[in-house]
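Pasting the structures in now, so scroll down.
In the two assemblies presented below, chain A is common to both, partnered first by chain B and then by chain C.
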Partner chain A sequence: MNIATFTSKRFLVPGVLVLIVVLLATAPLYTRPGTVPLMTTILMYVILAVSWTMFSGPTGYISLASAAFFGVGIYTSALLFKQEAELLPLPAVILIGGLVASCFAIIVGLATLRLRGIYFTMFSFGLLELARRLIQYYEFNITGTRGRYVATIGVDTAYYLMLAVVVATLLTAYLIMRSRYGLAMQGIGKGEEAAEHMGVNTTAVKVITFAISAFFMGATGALVATRWLYIDPTIAFNLNYSFLPLLMAIVGGVGQLYGPVIGAFAFAYLRYALVSIAPYYFMLIFGGIMVVVVVFLPGGLASLIERGRHRLGGVTAKLWKGGQAEQHANT
Partner chain B sequence: MPILEGHGVTKHFGGLAAVSHVDFHVDQGEIAGLIGPNGAGKTTLFNLISGAIPFKPGEIRFKGQKINGLKPHKICRMGISRTFQETKVFADMPAFQNVLMGAFFGTPTRVSGADAAREATQALEFVGLSAMSATPIKDLTLENQKRVEVARALATKPEMLLLDEVMAGLNPAEISEAMELVTRIRDRGITILMVEHVMKAIMGICERIMVLHHGEKIAEGTCQEIACNKKVIEVYLGKDVHAGS
Partner chain C sequence: MVPKIIFEGILWGGIYALVAMGFSLQYGVARVLNLAHGEFIMFAAFSSLSLYVLFGISPLFSLVIVSLGLGIIGFLLHSTLFRRLLRSSPSSAAFESSSLLAAFGLLFLIQAVAKIIWPGLPWRVTFLAYPITILGVQVLVNQVVALSFAIAIALAFYFFLARTRMGKAIRAAAEDRATARFMGINTNRVLALCFGLGAALAGFAGVLYSMCYSVSTTMGMDQTLMAIIVVVLGGLGSIPGAFIGGMILGIISQILNWTEPVLAMPAFYVIFIILLLVRPTGIMGKR
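== the complex of A and B ==
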């Protein structure tokens, strides 16, 4: 309990975070070619995993609608972003992609968030299929086309924009987690009826957070579309983008904010590495690793860090926890 | 003056009349008791008052204002707070966080972080759990879990508190402590309506008792009146019971 430990702890975390952001921001200057697109993909998964955790982590409403919001963003971008016409600048398109996805989430949320447990999960899963079929139907019967070409942007531009969205996502997730709404969401996850009787407007809290998390998924979709050249309903509304964020978050650990970040990094990099080393076995190896993590680390990879922290120094750990509790009280 | 009154309150679950044409009232500042055999509709009535279940026909008024049809969080913010028969605490969260939630969300106006923390600290202190504010609820005894639930309800600054079997499962010493706590809450000016099976507690602290049976109110009065009421004795002990037989 000395002042020095306390202050160093206080500046350590923000310091490290700033350092990481600076390193990431300067990455295109010193990395090998090919690294930046890989990192863009990893960052995309970080956004998806963190925004999934933002809502589903504390509330326990397991959503499989991520791909639907992601796809809505992709299609918004395909419709609005045309480089030759300069219809709208890309940041505006990203913003609109996010907004369209959150409007979608609000409508869906108002209708479905009264469902609990597995029923909500099933509905969110059906939503993806519904969105995909609707657009397929529209293209087939009304416009008579299939898919769209999307104007592309440079590798570095995409990377920087993705980094900006990552920072925005993490910052939002952190602020929500620390706020009274973070507490309310935990309450909803642990006993919705009780939370309701404590004055928590559970519907509003759920719908708003669902919409915020959808915003970042949609924004990412709008950005990613510009790297894909061509999209159609099957590409845009791909089931993988519902399952992967969920798996990443669970492997990483949903208890802490850095859990899904670690999960997304590990997952996306592993995927990339395994595909090039053992293209035929990668799903097999991958599945094995997942099983091991889920069986032996129920708290996710983040729980390893927590454990390490406890072993390194009980006192620092306590100080850290105490500080967190205090912060919570001060919000 | 009644702070809470109900007229013709009725709730059917399918063909079963859980609560049937019940008229009731609770006066400002009193401790009122609600008793009845298992399945009489006591908890259902609580659920109707707190907004957990919608109902019709009938109406419930709080301070003259109609509250049926409102959502639970609205009713809580208006000043009616409750506890649950099977304690509904947030088991993994520390006691303090549990109570803090009530302090943050349970009042009609927005509370600042510092005020909510102060309110939560005071509520925990009031129920005698200051020392355990950082303990996760699941590590507390049943008695203390119930106390946290009471503290959480108090942190919403209620004018009226509904206590659903706060003494069930407690030992005699704990029951006297709980009775003392209920009296202290009333002394703070909070009106109390309590459901209880522990007769010693009900008879000891309630000023007025209502008896439900098969969803209907069959008696109402002071403890003395209820204890001598023929219908009540029949309901609890059966028809052909004679003193001394």
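== the complex of A and C ==
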């Protein structure tokens, strides 16, 4: 038997993943009441952080528009999933929420993704404000209302649906990372002109990935709306849903798929624990951590883990070799 | 009514111009897209009001103190944080995105500090708030004072860049950092100075703003957004462009505020999108 067989990715990683999914899927059976809503929120941040990384991680085009797509999903849900008459079943609503967000992303992407990254970032910064004002204007002047009620679903149902979206997001992110698209995006991040000369249709790659990442943000929004009961433009288009996923992804590390997941878990829990005791200090802590990570640890927490794993791998290999040598000496 | 709107528009334009000039300088020379720019403005506004309320220091005097303080903070921030990032970044594009992220962290930090120091409702302090009539338009004295200071500061800053040796060094560093360095310019100091000057301009804008309008800890985001739109209108990195763009948007925003306030931001966005598609370098920008 070789100890390296167990530490190799081939068996360890799928095994651990299956274990985690099983543990998460059975969570409502054994956890205390109150844990499931918290976990739903954490999973929501996981989706937002991973889907943000899907596009912005490899390409380096920093998007501050997550909340806009999230909000579009929320509003789609509010229109289609009403208390009085449920027009469509929830999974369909989630799907449509995602698709509407994707279409929005395609329009935005076609207008701005041809330009340099800095213009894209500046544009995305205000996109949220634009969407919010337009809906406010529409509600105020045309329908004459403010805010809407959304039909609610059970705590466990929401949790399971969220878990399904998480699995779908992670799978998509993994497949994109491993595909030609992922490679093309990394090329764009490393040197866009060079990638173009290699025959990559950079605009198409960027717009498509941007739309895919927006799909998951919109789907999450459509699902989350069903737990919020009441929404209005200020609730649905909240800047925090742009800022927090970015923070989580950067601190977790965008180089590895699990980086944003770790970041989302850590920050979402920290936020939950601190937001009622010290609402402003948690922002202070988040900002401080962000600056420190950007300056001293550009790869995020994931790069620390990778470094640790390499060192650990080296140690186990050495131990194994040492043991073999000892056996040889004994015989 | 129309002259009044135009006057208010020019006043807002002057403040926007200062905001955008600082933002443009920080990006144009130091290559930092400072998303925390608006937070510096907010911080300056609250500092000035606190000095006025606690110690009775006139905002006209704290215009100097607060801006100087912010300028020093900006200089130190660049010479520690951003210089380190610049050294460790493999390319200028990598520096642009990592400095953007660092500025994003600063946004959270500064806003949190401000919310801890000045919790609660927006502040409003009346300073020189009595009306006078100029050219048949009734305006408040503090508005006239703020507008004249804004224009004076903007002009002084323009001549500093255009006429002095330091200004020449700054323009050289903006044009081509490596060559500027070969010519014997201490580029590290120039970049830090530019970031500091940008922060000082934010300080001026914040203090002048607090003289006329109520301030809140969440106002920074709107200021940054305005700065972005003005800078895209005027051309990223162009100082005269920032001034002209600020004036144009100031007047447009007041006209829209008078007719349809909710649509002001969408209207700016339409301008923004058209500009990006037609002329991404802005009205004063170079190709």
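Just so it is clear, the second predicted complex is superposed on the first by the 283 of 331 C-alpha atoms of A that agree within 3 Å, B and C clash if a C-alpha of one lies under 4 Å from a C-alpha of the other, contacts with A are read in each partner's own complex, and residues count from 1 in each chain.
To be clear about the criterion, contacts are C-beta pairs under 8 Å (C-beta built on N, C-alpha and C of every residue); 3 or more make two chains touch, one makes a residue touch a chain.
What you are looking at is a predicted structure, and each value in this text was computed from that prediction instead of being measured.
*Asks:* With both complexes overlaid on chain A, does A:185 touch chain B (first), chain C (second), both or neither?
*Replies:* A:185 sits against neither chain B nor chain C.
*Asks:* A:126 contacts which: chain B (first), chain C (second), both, neither?
*Replies:* After superposition on chain A, A:126 lies in contact with chain C alone.
*Asks:* On the A-aligned overlay, A:36 touches which partner chain: chain B = first, chain C = second, or both, or neither?
*Replies:* neither
*Asks:* Looking at chain A, which partner touches more of its residues: chain C or chain B?
*Replies:* The larger set of chain A residues in touch belongs to C.
*Asks:* In the superposed arrangement, which partner chain does A:199 touch: chain B (first), chain C (second), both, or neither?
*Replies:* The answer is first: A:199 touches chain B but not chain C.
*Asks:* Just to be sure I read the superposition right, which of the two partners does A:101 touch: chain B = first, chain C = second, or both, or neither?
*Replies:* Neither: A:101 stays clear of chain B and chain C.
*Asks:* Considering only the touch criterion stated at the top, classify A:60 as touching first (chain B), second (chain C), both, or neither.
*Replies:* A:60: touches chain C, not chain B.
*Asks:* Pick out the shared contact residues on chain A: the ones touching chain B in one complex and chain C in the other.
*Replies:* Dual-contact residues (chain A): none.
*Asks:* Chain A touches which residues of chain C in the complex?
*Replies:* Where chain C meets chain A, its residues are 27, 33, 35, 81, 84-85, 88, 93-94, 96-98, 100-102, 104-113, 115-116, 119, 221, 224-225, 228-229, 232, 236, 262-263, 265-266, 269, 272-273, 276-277, 280.
*Asks:* Spell out the part of chain A that touches chain B in their complex, as residue ranges.
*Replies:* Answer in residue numbers: 180, 183-184, 186-187, 190-191, 193-202, 325, 328-331.
*Asks:* Quick check on the complex: what are the chain A residues that touch chain C?
*Replies:* Residues 60, 62, 111-112, 115, 117-119, 121-123, 125-126, 129-130, 133-134, 136-137, 140-141, 239, 243, 246-247, 250, 280-281, 283-284, 286-291, 294-295, 298.
*Asks:* List the residues on chain B that touch chain A in their complex, please.
*Replies:* 50, 52, 71-73, 76-77, 81-82, 84, 88-94, 96-97, 100-102, 104-107, 113-114, 116-117, 120, 134, 152, 156
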